[in-house]
Every structure is written in structure tokens, then in C-alpha cells.
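Order of writing sets the chain letters: A, B, C and D. Residues in each chain are counted from 1.
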Amino acid sequence: MKTMPVMVELCVVPVGVGTSLSDYIAACARVLEESGLEHEMHDYGTNIVGEWDAVFAAIRKCHEVVHAMGAPRIFTTLKIGTEIGRTRQLNEKVASVQRKLAQR
Amino acid sequence: MKTMPVMVELCVVPVGVGTSLSDYIAACARVLEESGLEHEMHDYGTNIVGEWDAVFAAIRKCHEVVHAMGAPRIFTTLKIGTEIGRTRQLNEKVASVQRKLAQR
Amino acid sequence: MKTMPVMVELCVVPVGVGTSLSDYIAACARVLEESGLEHEMHDYGTNIVGEWDAVFAAIRKCHEVVHAMGAPRIFTTLKIGTEIGRTRQLNEKVASVQRKLAQR
Amino acid sequence: MKTMPVMVELCVVPVGVGTSLSDYIAACARVLEESGLEHEMHDYGTNIVGEWDAVFAAIRKCHEVVHAMGAPRIFTTLKIGTEIGRTRQLNEKVASVQRKLAQR
């Protein structure tokens, strides 16, 4: 099967465990850390780059871990970007916009 | 590996092919049809239920097919819902809300 | 101010009220009903068409109502589509894809 | 009308203008800069905090500006978070998760 590099934004919202969600998000951060995938957290999710199958295996693992911590329900949103012949690096898109802003 | 039933909303936006996107969405609909997964299209995506790995294999296939049709870049958004001990059916959540609306 | 017709998908997830969310979603459905905006519910949200300011006033009202029902925290996702010189109707995009599927 | 502080993630995807989108995203960054709202860009959007009406006025302005630059169609995704009795600062959620990670 051909490779498919992907940039994903993952945002996991555990439902049914109250309003303090940071323990669950920290557990997902550990899953990503152990996956070896490049990733960067921000206030509304974590951007991840890597091969499609590795990225989605890590996302499934996040669901397994958060359920194992006791969350009965999980609501996750993803953004997924793929491009023919191009592998995006983290912060590449931000850098490109910032160059445009500086040109002015 | 344990099973993990999931309900997903898939919304694929091909970028760099103009503004008429329905050919690409129709191709994704055929991928889902061939996958045998239960699914239902609406104006902002397609809701899909099934086992995690089968659902995400179909989503990857959608990206492969849309790129093969010539789209250089794809921007996809997903919602993903999992629940411990519960397998959702399509239209179950809508039916539940409509019962509440009728009670009033 | 110029008009700006919009098609939105609204998905409201109350956080901190357990896992049964249909009462809150039903309350949002009543807000939309009272708004007079065209809308259609599906399993992962409600598609709404109308003028930008009217649509976003209704979405703010949904947050006010769900908080007033006791939800301490709300996580909402939106998709927003605007097009120059075109006002989309509900089900128009689905119909367009289905025509493509039938042609084959 | 009561105040409603909000944290939003805005991700604007112009459709029908090719695959290079950074000029359009830079234009949105200028709109946010001029709005005076606190915001922070990442690879998959910009997180914004402020009062509901000011934030959504800025988002509408982004659509107006991107259409005025020639984009015939725009596909935007938003995440919206509101909490009773709490005003989130940018980077507060990330800091909270990082404290959990450090404790271990």
C-alpha cells in the first residue's frame, strides 16, 4: 500500500466526567509521545504529522485510553489534510502566513 | 484487539479543483457504498456507523480516490463518537431528540 | 451592511451534565424553531440556512439556553459555508451528489 | 444583553482559488489584528478569546475580506467554548495539561 503523509488536528472531548478534562488530555499527550509522531498541542487540539496509518492508530489508542480512565463517552473532532507530492512539517503553514504578513 | 464501534461524520473538501465539488463527493459515496458500512449523507457530510478500523479504512480510501481524480489537496473534517457499552444506530440520536420535542 | 447568506452546521455538546444530552439538543431545536430559520437535524448536528446575523444570533441563543438549563460548559463545532452570488437551499448539495450517483 | 466570553478556533478554507491559501489566511490575520481581540495562530486555525459579539463580528469580517479578494466560496470550521463564571485566557488549557504531564 502506498504511503500517505497526513497532517491532522486532534481534539478529544470526554463526555460524562465533569468539566475538568485536562487529565484525559494529558493521557492523550502521553499516547502521542509514545507514538513517536511529531505533534504540537494548542488550546483547541493537537496538530500531528506522520503516515496515515500510524496517526490513526494513535488516535484510536487515545480513545481506548480515555475510556479506560472511566470516560463513558467521547466526542472527538479531527481536521485531516493530505496533499499530492507534499509532506507538511509542523509550523510550516504558520511560517508561510507570517512571511506574507511581514511583506506588507 | 477489542472491537470499538464508532459513529463518524465525514466531510471531505477537495481544494484546488474549483468550486464544483459534487463529483468528488459522489466518488466518496461510492467508496462508502462498496464498504458495506451503514451511512447517510446530509448537506454537510455523511454520518457513518461501524467498527473503528473498517470506518477509517474507508475514509483513507476516500482520500486515495479523490486524489486519484486529480484533487491536489484535501481538507477533511471528522466528528468521532465512541461510547462504552453502547452501539449507536443511524437516526437514533435524532429520534431521541424528537421524542423530547414531542413530549412538550 | 450587505447581506451574507450562509449555510451552517451546528453541533452543540454540553459538558459536565452527564452523557444524556438530548434534552439540551431539544432545547436548541426549539430555539431554531422560534428563530424561523430553515433547519434540518441529523445525527451529528443541525444544518441551518439564512442570513449571517440571524443565524449567529440563534447560535448565541442556544448557548444562553443550554447554560440556563445548568450546563456549566459547552463545546460547539460549526461548519460555515458562504458563496458569492449563490444562496444554497437545504438538501441542494445532497440532491446534486445524488444526481451524479444516478448518472453512472 | 449579558456578556458571554468565548474561546473560538477559526479555520478558514477558501475554495476555488487553487491550493495556495496563505494570502487569504494572512488577510484574516490582519482582520483579527485590527479587531484588537487576543488571538494565536497555529497550523490548523487561530484561537481567539473575547466577547461573543466582537469575536463573531471579526469572523464575519474575515468572510467579507476573503470574498473581496476573489474567493468564490469559503468553507470555515469553528470550535466554540463557553463556560459559566469562567473566562479562559489563551494558553491556559495547554498550561493545565502540561502541569499534569510534569506531575508524573
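Throughout what follows, contacts are C-beta pairs under 8 Å (C-beta built on N, C-alpha and C of every residue); 3 or more make two chains touch, one makes a residue touch a chain.
Predicted model only: the values in this text are computed from it and were never measured.
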A-D against A-C, pair bridged by the larger set of C-beta contacts: A-D
Same or different contact residues where chain D meets its copy chain C, judged by the half mark: same
Cα-centroid distance, chain A relative to chain D, in whole angstrom: 18
Inter-centroid spacing, chain D versus chain C (mean Cα positions, whole Å): 19
For chain A paired with chain C, centre-to-centre distance based on mean C-alpha positions, whole Å: 25
Numbers and ranges of chain C residues touching at least 2 other chains: 19, 72-73, 75, 77, 79, 81, 83
Chain C - residues contacting chain D, complex: 2, 4, 52-53, 56, 59-60, 63-64, 67, 71-85
Residues of chain A defined as touching chain D within the complex: 7, 9, 11, 19, 22-23, 25-26, 29-30, 40-45, 47, 77, 79, 81, 83, 88, 90-94, 96-101
In the complex with chain D, residue positions of chain B that touch it: 13, 15-16, 18-19, 21, 72-73, 75, 77
